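Each of the next two complexes has chain A plus one more chain, namely chain B in the first and chain C in the second.
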Partner chain A sequence: MVLAGRGAVDELRAALAAQRALIEPRWQGDGIEWVETTGSGPTAALAPFDWDVGLPLPSPKRFFFPPRETLLRWHGDAVEEVLPAPRPFALFGLRSCDVTAIAYQDRFFAADPAYVRRRAAAFLVVVQCRTACAGGFCVDVDAGPFASSGFDLALTLLSDERVLLEVGSAEGAAAIAAARLRTEPADARTRTIRGEVEAAARASFPPRPFIARARARLDAGEIRDEEWQALGPACLACTGCTSLCPTCSCFTMTDEVAAGGGERVRYWDSCLLEGFQREASGHHPAPRPGDRVRRFWYHKLSADFVREFGRVGCVGCGRCDVTCPGSIGALRVLERLGA
Partner chain B sequence: MVLGVEEGRVTDVRPLASHPVSAGQLCAKGWNAEKFLRAPDRLTTPLVRRGARLEPASWEEALGAAAAALDEAVAAAGADATGVIASARATNEDAYAAMKFARAVLGTNNVDHCARVCHSPSVAGLGRTLGSGAMTNSIADLEHADCILVVGADPTENHPIIGARILAAKPRGARLIVADPRRTRLARFADLHLRHRLGTDIPLVNGMLHAIFANGWEAADYLAARCEGAAALRASVAEWTPERAAAVSGVPAADIVRAAQWYATTARAFLAYGLGVTQHVCGTENVIALSNLALATGHVGMAGAGINPLRGQNNVQGACDMGALPDVYSGYQRVADAAARAKFEAGWGRSLPERPGRTTLAMQEAARTGALRALVVIGQDPAVTDPAQHEVHRALASLDALIVLELFLTETARLADVVLPVASFAEKDGTFTSTERRVQRVRRAVAPAPGVRADWEILEVLAERLQRPMGFRSAAGVFDEMAALTPIYAGISWARLEAGHGLQWPCRSATDPGTPILHQNRFTHGKGRLIPVGDVAPAERPDAEFPLALTTFRLHHVYGSGSMTRRAPVLERENPPGLLWIHPADARARHIATGTPVRIRSRRGEVRTRALVSSDVPEGTVAMPYHFAEAPPNLVTNDALDPIARMPELKVCAVAVEPC
Partner chain C sequence: MSVVSFLPHAARIAAVEPESADTRTFVLRLDTRVAALDGARPGQFVLLSLLGHGEAAFTLSALAGPRAAPGTVVVTVRRVGSLTGALFELPVGASVGVRGPFGRGFPADLWDRPTLWVAGGCGLSALVAGIEHQIDVRPGDAPVTLLYGAREPATRIHRAALARWRERPGVDVVECVERPDASWDGRVGVLVDFIGEALVTGRAERAAVCGPPAMLLAAGRALGRAGLAPENVFAAVERYMKCGTGLCGHCYVNDRYVCTDGPVFSWAELQQLPDAFGAEHVAAHAC
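Our next item is the complex of A and B:
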């Protein structure tokens, strides 16, 4: 943990950009997107870091688990496995919710060669959240506002001039050294200030006691079937929540056949689609929309998955609340189940 | 929406959180909108018919064949022996080029598009009562509505972003009334579901109007100041007591009165309707009835209210605005109006035909009789989407030349003599006009698939081969010409569309901010017109031989005939196991269960599919989605027409259903 001037962050970005693609959240057109800010221009031309940009609507999972991925290719009788060879990249400006989700997906995809390759090419820089964002509730699902692990570096803006750099990996330490940043060790007082900033961030979230109640009811098996079935018709099966959710990992495979050859491709899938689990016989283990909504939220919120993934599936980023046309994103559902 | 692009290919679609309409949301079709782009069967080379087969050909050969066929038809039987069916999916620039191609190159007003089979009665009906056939209000206005009345529309499936706004209005306290014979998703959330019999919209609405006048719920000041014909309307609905309306429609009288009270006495009431209203022999009159309801209660011309036809395709509003219609040029300037015609003649440097042209179905009729010899069909699949399919096929087969511009070898393209492959929305620049009259840019995200061209480019080259060039060199140039000739678009330019989220017409000058709400101080043609309409029975009612009423509808995950969405694997997987929705009682009586193979017969033909037993359809009514070429209800639907808009009655016909 070291202290530096605010300007050191831009020096760090320039140094990272010299070695790898720098990808940051930026306002672009009508929304916040993950934008490669290095591009083709000289790194000296990097615009100053935008500390206040919000959470991009697309989650960063696309960098490790892209929406469309070719797994193998064939031509005639020759079959060739396709593995990505990504150039090194830095995600600079991840928030605690998203870095928590990456750690979650790391467990799910631990044996997936494509994921592992993309993941190994990534350098993760977190910006700790100083205030609550509009629809986020990371504090209530133990995913923020400050990240404590899962990153190479984490930055906390302590004041207008001072930034605290937390090192999460050897690569993180190396990056500080390579950038030749002027730093000083963080003393006890600095740690106190960091604690105060985090406490203020936590305090900026509105109290949402319904979240704990809903989770407790879910874990105790107290949620009645009628409650799920009441939610069911509001799910249009648009696939928005699962596409944006940083921990959703379901995919489907399809063979795209062209003249003489083709590709086996995986696309993001969604467990809220009726066809996702329909069996060839027509039998469906989750036949009603309410059954599928229940399964989805059980996977996101139940403590039953902590053993496998180290935490619950939901990281409180709030994206599903934005994108759900049926107004049954996480917060709305928790509100109803925990009322 | 935003397209993610990697190495020159579109990888995914993402919504825009700050867009005033989508607000970060998409439907399943949107989330999967890129899947068809690289479908292996995408057309990338022109096809020319040689004998029984369509075979690959060069652009040179295909354009030559198309031009020769059009030339021949005009020489043999005159310009009116040709016609153009434009696309509601392609850009405004493409649609404007199509209508100019028909009028200035071929020399005929035979130009139309699929609005004929969706909202032509809205253009005709609201044109008469208000002076403009589009949504009067904006989608975001639903946030301000205190009462929402949805008639014959299924927005959560067909207009999901509008459906989303309605669902979001409920917890805020807005009252929701749904009038639909089917129990739609929205009906499950409604405070009141008026489940009227198919084809009884006018009795239902007249019954509401009766209750409104009887109880003094009408907007007397508004009627006096802004409308004409109130006395005649009041007199005409006097006979429609709620009890009589109940007897005809099947909706309890008390519900009719309650719906009337809620709708009339709420300050801001938003009325939305869809094809359940328009696809009838009385489609135009149905629209006029709803307009009467909205005007009598003073709900037009303010925020959070209005009468709002929900247009289906991405650019069906734009294709209408561009004048891809037989009786109007762009901006609804009438062909029959000598001044408008003179303006376009001057603008285009050609003399133009005076007589309004044929509608899509009239063109098909003319093809069957031999009066129409050559037809250009752009991005539309009438062989699946139009009623009485045997007749459609007969019409298309009777043509000397069928020229189709398409992404895929659709059922219609299979019948063509020349097929020209086109660029998709992701591969070209242009504008779309959404259902709320919002004109927005669509930007090229990737280079066109090799071998394909934009519609307007193809039409320009064809025009040049016919020795009548249109003078188009760029899509922006097409827009500029259109805006110069079209007062409601006059203030819109690509440059102005660069920033922000588009402009809503009318937008008459470069400083005009556009018009989110129509008719605020006066109606487009002065006073709002109340026009009495009487009950019109469906052209065909169930009888002993054909005892069930068939209606058609659409599914959330399929768009049109599915030429795009059915190439997305996860969407295709959503198709239900059967395509005939049938009530449990009707199913039991016929020994039908979900999955039972069934035959649906009408006086026009028969279609086979499997049954899906569901009480979402009322007893005595069966329903089929119209998307699927393997089981097209249009084999049995009725081609009886609304005499005003020439809309076929796709929403009700009599059928017999039996296991097979």
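Our next item is the complex of A and C:
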């Protein structure tokens, strides 16, 4: 943990951009997107880091698990496996919710050949959240507002002038050294200030006791089928939530045929689509929309998954609430189930 | 953790054996022998790949050894969807692909205790390798009973195996059909009605079940009523699936995957998984 001047962050970005693609949240039109800011020009032309940009609506999962990915390619009977060879990249400006989701997906996709290759090429820089974002509830699902692990570097803006850099990996320490940043060790007073900034960030979230109540009801099996079925009609199966969710990982595989050959491709899938589990025989394990809504929220919120993944699936980023046209994003569902 | 591969092993169709009007057994010969497939256990499954049509999951209906040569993969397929439709059009010698074996098969300690196998319709294909294995390895001539229910006589599959098993000491094959024709002089009715009789005949201490979901649920409950403990009843559960490796998410049943945690589950495990029988489960509890 070292202290540096605010300007050191732009020096760090420039040094990272000299070695790898630098990808950061940026306003694009009327939305926040992940944008490659290195471009093709000289790194000296990097715009100053935008500390105030919020959470991009798309999660960063597509950098590890893209919406469409070729797995096999064939010509005639000759088939070859296609594996990505990604160039190194840095995601600079991740928030705690998203880096928590990346750690969750690291466990989920540990055996996936494409994911592990993309993930090995990534350098993760977190910006710790100083205040609650609208609709975010990371604090209620143990995913923020400060990240304690899962990053290479984490930055906390302690004042207008001072930035605290937390090192989360050997690569993170090497990046600070390579950028030749002027830093000083964080003393006890600096650590106290950091604690105060984190406490203030936590205190900025509105109290939402319904979240704990809803999770407790879910884990106790107290939510009646009628409650789920009542939510069913609000799901339009648009797949907005599952596409934006940073921990959703379901995919389908389909063959795309071209002259003389083709590709086996995987696409993001969604458990809220009617055909997701429908079997060729016509049998359907989750035939009603309410059944699918229940399965989805069980997967996001149940403590049953802690055994395998160390935490619940939801990281409280709030994206599903923003996108859902039927008003059944996470907070709205938790509100109803925990009322 | 070692990474998975989505690249199928190349194979060719070596033989096709008709089972019924819509069901055939395909013997596939791998271009190169695969140790893991030669060592597959009863109840495990493979993903059969047809380029241009995707992959679909099938339980191995014979294992390398007495019933299949090393380097072969044997699956019994009912023509029901687009991939199986394309498979049925392929000639002997055509190229296919195989990934696997996947999943946890039947428990290794199943074989030395008297067992009742309960198969509904094409569900017999998921049990046939287990039945063959038990008949081959059981101590002495310990009882093996198969209760097999088909819609009608013409839809019975694995008839050669049924006839062969009937000749083996200690093996009892109990068959029933729902819709008999003039050729049928056996039992008539739904399979669940004969579970009690079949249990007594075979002095079975354990049971293994596969069939349509509603039948699976009814059979499991009937076996419980007849006195078998949930730890001694095993069901081969089927789900639509894409990857076979616990990644694609299609075969989730609560917090388990059919592909890696199953497809064989004990009834005790299924009792903890309310989604195993979906709407059938809800309906069963409503009455």
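Definition applied: the second predicted complex is superposed on the first by the 339 of 339 C-alpha atoms of A that agree within 3 Å, B and C clash if a C-alpha of one lies under 4 Å from a C-alpha of the other, contacts with A are read in each partner's own complex, and residues count from 1 in each chain.
Please note the rule applied: a residue touches a chain if its C-beta (ideal position, glycine included) is under 8 Å from a C-beta of that chain, and two chains touch if they have at least 3 such contacts.
All values derive from a computational prediction rather than experimental measurement.
With chain A as the common reference, the superposed partners chain B and chain C fit together side by side. Vectors from the Cα centre of chain A to those of chain B and chain C enclose 80° in the overlay, to the nearest 10. Of the two partner chains, chain C is the only one that A:Asp291 touches; chain B does not reach it. In the superposed model, A:Asp269 makes contact with both chain B and chain C. Using the contact criterion defined above for the overlaid structures, shared-chain residue A:Thr252 touches chain B and also reaches chain C. Once the two complexes are overlaid on the shared chain, A:Asp77 sits against chain C while remaining clear of chain B. In the superposed model, A:Ala111 lies in contact with chain C only, and not with chain B. Of the two partner chains, chain B is the only one that A:Val322 touches; chain C does not reach it.
When the shared chain is aligned, chain B comes close enough to touch A:Pro67, but chain C does not. For the pair chain B and chain C, the minimum alpha-carbon spacing after aligning on chain A is 12 Å.
Under the contact criterion defined above, the residues of chain A that touch both chain B in one complex and chain C in the other are 252, 254, 257, 262, 269, 276, 278.
Across the interface of their complex, chain C is touched by residues 71-72, 74, 77, 79-81, 108-113, 116, 225, 249-255, 257, 262, 264, 266, 269, 271, 276-281, 283-288, 291, 295, 298-299, 302, 304-305, 307-308 of chain A. Interface of chain A with chain B (complex): residues 29-33, 57-58, 62, 66-68, 233-234, 236-240, 243, 252, 254, 256-258, 262, 267-270, 273-276, 278, 282, 322-327.
For chain B in complex with chain A, the touching residues are 2, 4, 6, 11-12, 14-19, 23-28, 30-32, 35, 38, 40, 156-157, 160-161, 163-164, 167-168, 171, 185, 188-189, 501, 556-557, 569-570, 573-575, 577, 595. Residues 1-8, 10, 51-56, 80-81, 84, 95, 97, 212-213, 238-240, 242-243, 245-250, 252-255, 275, 277-279, 282 of chain C are the ones that touch chain A when the two sit in their complex.
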